[in-house]
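Before anything else, here is the set of structures, which you'll find just below.
Both complexes below contain chain A, partnered by chain B and then by chain C.
This part shows the complex of A and B:
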């Protein structure tokens, strides 16, 4: 329901936004990628994750997410730091991701109860993000170069892009469709299709606000019909351009969390 | 009753017209909704039900619990595909075989369709196949990796073997996905509904047929077995039952040598079966394993009375040479015994209506109905049929009683009669010895059943069953649910104020107000909601003091939540692991899977894969962090098959190699004993579910229910006999052959080690019904002939004339007629075939030996020389 108001809200927010001339599908996707994952030089948010399973049973998680773009033009490598506040038994657990464009990402986790820092060499980015319906890739962003993009249609508010993987055996979807808002370039909906052409997974941006000049998704959800249920992420205390030191995104800080950014 | 026979004999066509029209009407009422369900929605179509679960009513607590647990843990029934390769040194772990396994798994995941808006077929996400499961392993210094076990078909023999090696390290996969000899693989394909299994299995078979390989594919699992049973059941209804009918017909023809005449019992049996089965379907009952056997039970009983009439007619006609006069004499002598035998048979089957098992109730009621119908048809149609035959066609029929006496059977029976008269004591002694052996045998009876063993040993289902259970942990699933007792931990409202007492008022008061607003709904987790509330306050707090106050509030609430999350506590997990180890040591369990296995595996691989680290870590937080690591895999949802997200309920998957009820019962007892001797560290209750367990419950109900039903009908029949003979002694005497027969049959079952299972239990009702028949006929006619011939020494000669021949013909016709059931590929049918024949022989022999022996020994007790001939023979007319 809320989603019906999104285009209007986005348009009002972004009234002064760039007016695109004829853009190619690739250009649209690149801009959307930057709008969704690269706002500012760095950023921070408190995240409330609510996982609702197919039976309506809910689990809540709270964590702080820090992000820093690698220097250089937008759309390049990034570093992420994630620190758990709740539930209590995973408090102080931390994750770190170094996102690379041309190679597999590096991932680490710190498990305080085992006093253990572990590198996770995942086979792909499409494993569950801490038990939710989100994949790691949904949090850190799928590299646009991994898919071929085609502009299916333009509505009054959206570009509708169809993306097909270049390496189909590496992913579980056959293709996905993206609705990208024309003025803000925020992707507001993605639908993932299986080999039989059925939609099984849906991402939706539920609420967008302009924070410090950046259009920011502050509520988003993913549902998955194969396992049932959905996960909602709510972002609060969003801040951009905090000048987060690069040193924060190292193994040392997994064990010694940077308190100044976590409250 | 006699009047009814005379009425129809006078108007022979009317009975045929009525019963013919009735049969046609019933066939139409069944065919219409079955062939055109849309047009005839108000009628019930034929509905086949092969689900042993339906042996219990849908609202039976064990079934309700089973379904609730399946829902709670997201469990589905599974089609199991075992792949075996006996030629390749690496078994199926070679490039070729795994390539096919990969193809089959990919194909299976797409076996989905929609039916009435519901997704049906395979639950792809929960499939267990090399290409669809995750494994965890060391990936270089300080790194772990989650990856698909077999993300693509292997390209070399080494790669293929590596798939097996990796899987063997994961307890959940070892012995489940990969056989313990590392040679075979099994795919577990969950399906939305059991009724989808046949379609899924068929499609898999088609796909497998396209592979050119040396691999053996075995498809099994309880749902497949059940569906297969339905298919075979239909075949049996179409083949075995008519074949039995045909053999009975041929035997009757051989005895009576008159084709047209012996058609009559056939027609009676056919109409009785059509009308009974038709009424079963029309009344909305399903054709279940039990009800599919109704025709087989009705047929011998329907033919029974007709054989008595024909036999008597056969022996008398040559003397009288007049159909009408012969019929009158025959019906005069037989109508009362036939009525009573039918009523007693009815009582025997109707008593099954009091068992607690719906399919058995339906079976009992409809067989009783069929028996009454057969009786009515026999006494009306058989005389009518004889009257319809031209007198000329009977010219050569029958033989003089004297001639009949000189057939081998006639001579043998006369001889038997002499022996019983002279050596009664010997016969009684033999009976006592036999009974003693029977009592001993009955004590050896082993109560056991196993739906997979309803298939013949050579059947592909049985072959698959043994191939898989030889190599893997077991294909029979039972589940043990562990949960806190209902009372524990619900008194949150009392606990909260105490626990929050130390907080500063600034956050305690808003929190207490919040508690009052919480919904009372049982399924809502109030603690989780309070934690969310406190956390929101914490983040919104302006100053440090507010932050700290709410932080401590959150901490108290979270601590409470942790204490309630039983299955994150190390001591509870260790206890469960101990229980699992005990299960494995019983020899009954092939393998068990549980939450402790997941925790131990991930913990080991987090700590460099060292075997000593294959253990439950020491703190709640360490367990929780191990589990959150696990949830970063491709299949985090697998966790919820073993524990609920609040960690208050857990579930052990137990694989048994045998689906025998007695093995399951032994396991239940072993777990009870273990838990009694080793109480859990927190209050936990344990409850079983799963199809293997449900089978035990319905068997228990059936055994006790059948015993009660049998004792009840025994008492009813005894009372009826006492009333019929107007004598306690005659009543008791008439019960003797069936008592000996049943004791002998069940003694035999105990001695030969045949399991007392569902069909065997039902046979007690059949024994009661058939054995009493012979006794009634024998005794009623002994009394009649004793009076007619003026003494027992003369009487017994007459009794061993026509009456004994009728009984013997019955025994042979029906006993032999049921032997074709032995060729059926379904064991319950074989059992019924063998035991019907055995019961008939025993009951016939018991009636012809024991009854005359006792009558001879205690002539004065049973025959009052002043007594008038009893009512049911001549004086009632």
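This part shows the complex of A and C:
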């Protein structure tokens, strides 16, 4: 079965590659967005985050991330569930996000020592996610329609895209440059430029693994020269299409975490 | 000179920027071999969810902390230290998909208190059992949690209307971690999840009152002596501890309507802090009591204008003073709350709340008072402001919370600064500042309790 399947899949892939040559910048970015944030109908990962500040001091965070794409065409909405295993001061804290494309996200947090389900006001998407160099937007995805995209060049491996915000006053960057891998559409590197044309923030995918058919970034890093230091993310225990019920993303499981997905 | 430095810096930066234009190397896993391998995985069927029931490993965790506080005003009759404790918390949890066991216990050394006898209801003594519970899933749409547990619901921020689970006002006001505002309940909590409605039913076979202010740590206004008193005249309380007879029931029905959360509440039990006095007996004034109480309420919480808005209402029916004409027992009340929270700037959040307690039978209340007794206003309003600022990559949190009651002309300001040093160490300093002109008002009676504290915690 596998022997028959492989050439077929390869030829399909090559056809896709040939078609991709004709793609516009917007289409490339849309596909990259899907490859980075929408693989499968749902997914689960165990995430280890290491935050190194400008003086080299390290902090660690370990959480399980569950994601479910809202079904139905044209949506783009997603639901996320985060459960913290460590460090001790946030252990058992759960965080839930209903991501909306056209409006502010809904966010909840559960604080176990108080048995408190707190609703979190929407925040600037470009502020630190749990004290790391990653922004909320880096974790849940920046909506491609928020920027104008321009294909600068193609290298052997990459589409090089320059993206300029439609609302410059809403973000801290003047533009950013993305190297998108041609066959997997994984964004491999992003550089954010300030108004003076200087790079201050760099994202890089460090390791990719094909998991259940989906090219998956399993190690990535962001550095930011304005605050110094960098954050490295490692993903393990990655699974797709687990058939995670929509009910998991409700108050019930904030209070009583869904054990079957947290190991 | 400055221009020179800029040019030099620019010259240094230029080669770096140029270097950055090179395409990045392919990350491990995106090389030629890896691409060929890509379709190989595509024929794997998705992993089925593991329906394992194997017993997960027991998790152990906890912290040790020391916390020291001093009174800021001269304290005749109370110790200068408001807080001086070493606390070890040990937690243990484990289980599988069918059930989980949780144990959280605090071991405390606290020389500020005079009484050290162990009392698991008040948390007094060397042991404070915070949680010992079993969570089970008897059916797909039901959870049940049995045992000692912390319970919270409702929408208010440090103001509670329909949350009638026990609070520890002493811990809150002397500068313990905010987690300790909630005291544990010994309860059965049954949760049912339906398509259009979710239900929580909580039964406490014996009354779990607040850990209220009784003079042991904090001065309070004693209406019988008409004065602010402390350790020398602790509030004597008739306890409600008859199992099954002194029981409590709390219900919540809730659902989402889009992004809006709506809920209805019911409670039947007793005022959670002493709310009256037994009629005088032969050997002097009666002891403080927990009169019967029923509460009917509702709440709404919704995103609004980039923030979160909420409203809550409760009717407090003081069953032992139905007509409001018993001067010894609290009147029935309406309680209202409106709140709004939003981000003011990145990592800077502000929140406002308006809260009102309104006596239902004010005329009967006034007529029932003995001559010379302190008269409460009919409507007690409280405005709160919370400001929270996070700095240094969210390791430093500065927070201000202010209660202010215009009618009573009193208030309470809470200031906190916490610094997370690495994964394990946390520093905290803070102050609890009370003000008010009159002895009998809610915060005014506490004005001599103002304190400042510092704490260091190591978590593991």
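Annotations
Going forward, the second predicted complex is superposed on the first by the 239 of 263 C-alpha atoms of A that agree within 3 Å, B and C clash if a C-alpha of one lies under 4 Å from a C-alpha of the other, contacts with A are read in each partner's own complex, and residues count from 1 in each chain.
What we mean here is this: a residue touches a chain if its C-beta (ideal position, glycine included) is under 8 Å from a C-beta of that chain, and two chains touch if they have at least 3 such contacts.
Worth saying up front: this structure is predicted, and the values here are computed from it rather than measured.
Of the two partner chains, chain B is the only one touched by A:195; chain C is not. Applying the stated contact rule after C-alpha superposition, one finds that A:184 touches chain C and leaves chain B untouched. Shared-chain residue A:47: touches no atom of chain B or chain C. Legend: residue contacts after superposition of the two complexes on their common chain; A:237 is shown touching chain B, with no touch to chain C. Of the two partner chains, chain C is the only one that A:210 touches; chain B does not reach it.
In the superposition on chain A, A:116 makes contact with both chain B and chain C.
More residues of chain A are touched by C (comparison of chain B with chain C).
Applying the stated contact rule after C-alpha superposition, one finds that A:252 touches chain C and leaves chain B untouched. In the superposition on chain A, A:131 contacts both chain B and chain C.
When both complexes are overlaid on chain A, the residue A:93 reaches chain B alone and has no touch with chain C.
Chain A uses residues 53, 57-60, 86-89, 91, 111, 113-114, 116-117, 119-123, 126-128, 130-131, 227, 263 to touch chain B in one structure and chain C in the other. Contact residues of chain A toward chain B in the complex are 46, 48, 53-55, 57-60, 62, 85-91, 93, 109, 111-114, 116-123, 126-131, 136, 169, 195-196, 226-227, 236-237, 263.
Residues 13, 17, 20, 23-24, 26-30, 34-44, 46-47, 49-52, 56, 61-63, 95-97, 100, 135, 143, 149-153, 178-179, 181-182, 191, 193, 198, 254, 256, 259, 261, 301, 303, 306-308, 310, 341-343, 346-347, 349, 393-395, 420, 422-424, 426, 459-460 of chain C are the ones touching chain A in the complex. Residue ranges on chain B touching chain A, taken from their complex, read 71-72, 74, 110, 112, 124-125, 139-140, 142-148, 151-152, 525, 528, 531-532, 535, 539, 547, 554-555, 558-559, 561-562, 565, 568, 603, 606-607, 617, 619-626, 628-629, 631-637, 639-640, 644-646.
Chain contact summary for the complex, chain A toward chain C: residues 1-2, 5-6, 9-10, 13, 40, 51, 53, 57-60, 86-89, 91, 98, 104, 106, 111, 113-117, 119-124, 126-128, 130-132, 155, 157-158, 160, 179, 181, 183-184, 186, 188-189, 191, 197-199, 202, 204-213, 215, 217-219, 227, 229, 239-243, 247, 250-252, 256, 259-261, 263.
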